[in-house]
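Some structures to go through are shown next.
Shared chain: subunit A. Partners: subunit B in the first complex, subunit C in the second.
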Partner chain A sequence: MEKLLKIDRRIIFIFVALAVTIPLLFRFKMSVPPTRHVISMYDKIDSLSKDSHVLISFDYDPSSKEELQPMARALLHHCFKKDIKVIGMTLYPAGTGLADKAITEIGDEYGKRSGIDYVFLGFKAGSSLVILNMGEDIYTAFQKDFYGKKTAGMKALKGVSSLRDIDYAVNLTAGGIYEAWIVYGREKYNFDLGVGCTAVMGPEMYPFIQAKQLMGFLGGLKGAAEYETLVGHKDRAAAGMAPQSVVHVLVVCFILFGNFIYFTTGRKK
Partner chain B sequence: MNFFKRTIPMIIAFVMGLLMAFQYYVPHESSQNLLKVVTRWGMIISGFAMFIGAYSLFHMHWNRIRQKVSGWGYSIFVFIGAGITIIFGLLNGGEFFWNDKQAGTMFDWIFDNVQVPAGATIFSILAFFMASAAYRTFRARNKEATILLIAAIIVMLGRVPIGTMISQYIPVVADWIMSVPNLAAKRAILIGVSIGVIATSIKIIFGIERAYLGGGD
Partner chain C sequence: MIKKTDISIMTWILIAFGIINIILLATGKLGFNAKGIGIITAVAITLAMYSFLYKDNPVFKIAENLFVGVAMGYSLIIIWFNILKPDVFEALIVPMFKDTEIGPQYSVIVPTLLGFFMFLRFSTKLSWLSRWSFAFIVGMGSGIAIPNFINAILLRQLEPMFAPLYTGSFWGTVNTILVLVGVVSVLFYFFFSMEHKGAIGGVSVVGVWFLMIAFGASFGYTVMARMSLLIGRMQFLLKDWLGIIQ
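Our next item is the complex of A and B:
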């Protein structure tokens, strides 16, 4: 029995690989009932009228793409479906490619045009300083969009001069930048803010949710899958729920089995 | 030299620190204009900081190659990867970098087909190591560890749809764990960190904390 505790880790890796691939191959579906924080974000965007402005800050890079890109896509589907003007930006230098791809691909699906129905402002260095600068004047922070077009006079930004004019902002984040969005953005310029983050960051959001500093929160791939369910456009996140569930159960089984051997072999002493 | 390396930066930190702290509470137009100008300066300085970061990275890897330290061969790939990406970035699909960003360039291809899969692969490897670590080390050795283990199992199951299929109470309990004990602990940490940040900021403004000035001549 004790030998099982010293099992070659590659055997564990094979179990994990099978737990991921088998559900993907057999494509069994799972219902993903939306939770209250996801519903809160959905309701906020759903309550916005046509031509309202939603700012999405794509603050992540390829390493977090698998969790956050599905969120971005689901949010964009919702916004474009409702004819809401989307303002995209990123505070991560490697976030531009992913953000551009998500906005243009989903925008094309709905026949939306850059500069008219949406704008992608690209990347600007400075993190919290960029947020503060946008809070004072969005056009000094981003004089041109990602493609080099002047932002002043752009139809997609009509009626927006600073962050104060944003109807709702969503920070999709893989790091601590959400704190800057809360402190320097939401608190100073008084706009509604939601956060979408990786699952591992999820617990950090609860103090801000209780303090009503966050209106809506998507946590990890499940958050994205719940939003896809609400939007009625099941995509990658919903497809990822089966393998994720199986892997979670497998890890729980590993923990229980490991503890069972630990105690039965008298290791407690 | 000490005057330029230590005294002047300390005066700048003192003046700007106090000025921006007071600026926050003054809603006058001139105060807002000051914030606009200062944040623009900050953004420009941040841009230069990125160059310093790139220089530091290349300098470190160049030294690794020069001194032939263990694994120096990998450092060559830093230069190859960065060189190719920078060249195609500057070429901008034949329109060069001084023109507007072109779509579908080789730079985009490298991002989509090298950086994106490489980044996603690194992240996905975590699942394998976490499973292995959980099996080997997550033990109910004492009362505290047992509570942690039970909480972890409930949250792990409550955060995936299969948790609801096992029992409708699992997500409810998982949500309670996150909304009550987790929230209390996180808030305590957050308040502690925030007080620490305020204390450090005051020490920097008044010149008590000087580590940011660096050492040596």
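Our next item is the complex of A and C:
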């Protein structure tokens, strides 16, 4: 029994790899019932009329792409399906490529054109100062979009002069930048804000939801899968729920097994 | 030190990787174009990173350093094209030597100089100038952050604590009571001016339980996050590279 406590960690890695790979290869159907906070974000976007403006801040880089990119894609599907104007931006320099790819790919699927149906403003350094600047005048914060076109007079920004004119903003974040969006954005300029974040950050969001500072929250790959289900466009996140469930069962088994061995052998010492 | 068995394992993996890619390219599953070569490169780096799970090795180190270098290079290019070029070069430098619609924006000089002073940290003679930049950042940052954070984080977070316990529904009320008990007991636990004995000790033990449950929830979320990353990479390997799953 004691030998099991000193098991080679690589054996555990093999179990985890199998728990992820097998459900991906032999897909089994899993229902992904949407939770309250995901429904709240969906309902908010769904309630917006044609030509409303949704701002999506893609504040993540490739290290958290697997969790946040599916969220971005699901949100873009929803917005473009509803003919909502999307304003994309990022406060992470390494997030530009991912944001640009998501917006242009999904935009092309719906026949949307840059500058008319959506605008990708690109990256600006200064995080909180950029938000404050956008709160005063969006055109001074971003004089040109990511592709070098002047933002002034752009059809996609018609009716928008500052953050106050945004109908809904979503911050897809892999770091603490969501606090800047709440403190300098939502609280100061009074617009509805939702957050999509990595699962690690999930528990941090609940106090803000309780204080009604956030309207809608997507947590990790599960949040993305729930949104994909609601939009009716199941993709990678929904496909990832089967291996996620299997591997969670495996981790629970490991924890129970480790504790059992510990209490029956190790604790006696 | 690298053992002979490790070298042979690495060699066999490389041979297998090469053969698989040749088959994929030959059968047309991967195009011999930028996208195909990009996928193969991404797969190679993914496998190199995961090789750390076996043990630390030179292949992992190469991939790790490559990531740092590429990320830094990419960030520099983005900063040049998104900030320095439009906001400094095209706004200040170009209009000085060329006729443009708008004249040079001299207001850009001050922030540009302050930014430049940051780099003077590397100079022993001129590093004192960098203090101006830091003083500006600290002063302005504090001035903006303190009142806004007190309002948005402290006061707005306190508001739900003063809401009525009865919310109109049974489970909603249970929720608010739990929040109240949790906040009060955890605050008691972090109250170190009195010995944790008697009633205070009892309440702080409840606080410890709340903290443990919070840590457990955080750990659960962390497991989910890490596994999501692995699932994403496996989807990439099985779908985008091998084309086994749809």
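Quick notes on this structure:
As a working rule, the second predicted complex is superposed on the first by the 266 of 269 C-alpha atoms of A that agree within 3 Å, B and C clash if a C-alpha of one lies under 4 Å from a C-alpha of the other, contacts with A are read in each partner's own complex, and residues count from 1 in each chain.
The working rule: a residue touches a chain if its C-beta (ideal position, glycine included) is under 8 Å from a C-beta of that chain, and two chains touch if they have at least 3 such contacts.
Note that the coordinates shown come from a computational prediction; the quantities given were computed from them, not determined experimentally.
By the touch criterion defined above, A:P93 reaches both subunit B and subunit C.
By the touch criterion defined above, A:R236 reaches subunit C but does not reach subunit B. By the document's definition of touching, both partners, subunit B and subunit C, reach A:G220. Of the two partner chains placed by the overlay, subunit B and subunit C both lie in contact with A:A199.
Shared-chain residue A:P33: touches subunit B; no touch with subunit C.
In the superposition on chain A, contact is made by A:F254 with subunit B only, not with subunit C.
Judged by the touch definition given at the top, the superposed model places A:A125 against both subunit B and subunit C. By the touch criterion stated above, A:K82 is placed in contact with neither subunit B nor subunit C. Contact with both subunit B and subunit C is seen for A:Q244 once the two complexes are overlaid on the shared chain.
Overlap of the subunit B and subunit C interfaces on subunit A comprises residues 13, 16-17, 20, 61, 64-66, 93-94, 97, 124-125, 129, 132, 146, 148, 199, 202-203, 207, 210, 219-220, 222, 244, 247-248, 251. Listing the residues of subunit C that touch subunit A in their complex gives 53-54, 71, 74-75, 78-79, 82-83, 86-87, 144-145, 148-149, 151-153, 156-157, 159-160, 179, 214, 217-218, 221-225, 227-235, 238, 244-245. Within the complex, the subunit A residues that touch subunit B are 5, 7, 9, 12-13, 15-17, 20, 30-33, 35, 61-66, 93-94, 97-98, 101, 124-127, 129-130, 132-133, 136-137, 140-141, 146-149, 199, 202-204, 206-207, 210, 219-220, 222, 225, 241, 244-252, 254-259, 262, 268.
Residue ranges of subunit B in contact with subunit A, taken from their complex: 32, 35-36, 39-40, 42-43, 46-47, 49-50, 99-101, 103, 108, 111-112, 115-120, 122-124, 127-128, 130-132, 134-136, 138-141, 149, 152-153, 156-157, 159-162, 164-165, 171, 175, 178-179, 182-183, 186-187, 190. Residues 10, 13, 16-17, 20-21, 24-25, 27, 61, 64-67, 93-94, 96-97, 122-125, 128-129, 132, 143-144, 146, 148, 179, 182-184, 186-188, 198-203, 207, 210-213, 219-222, 236, 239-240, 243-244, 247-248, 251 of subunit A touch subunit C in their complex.
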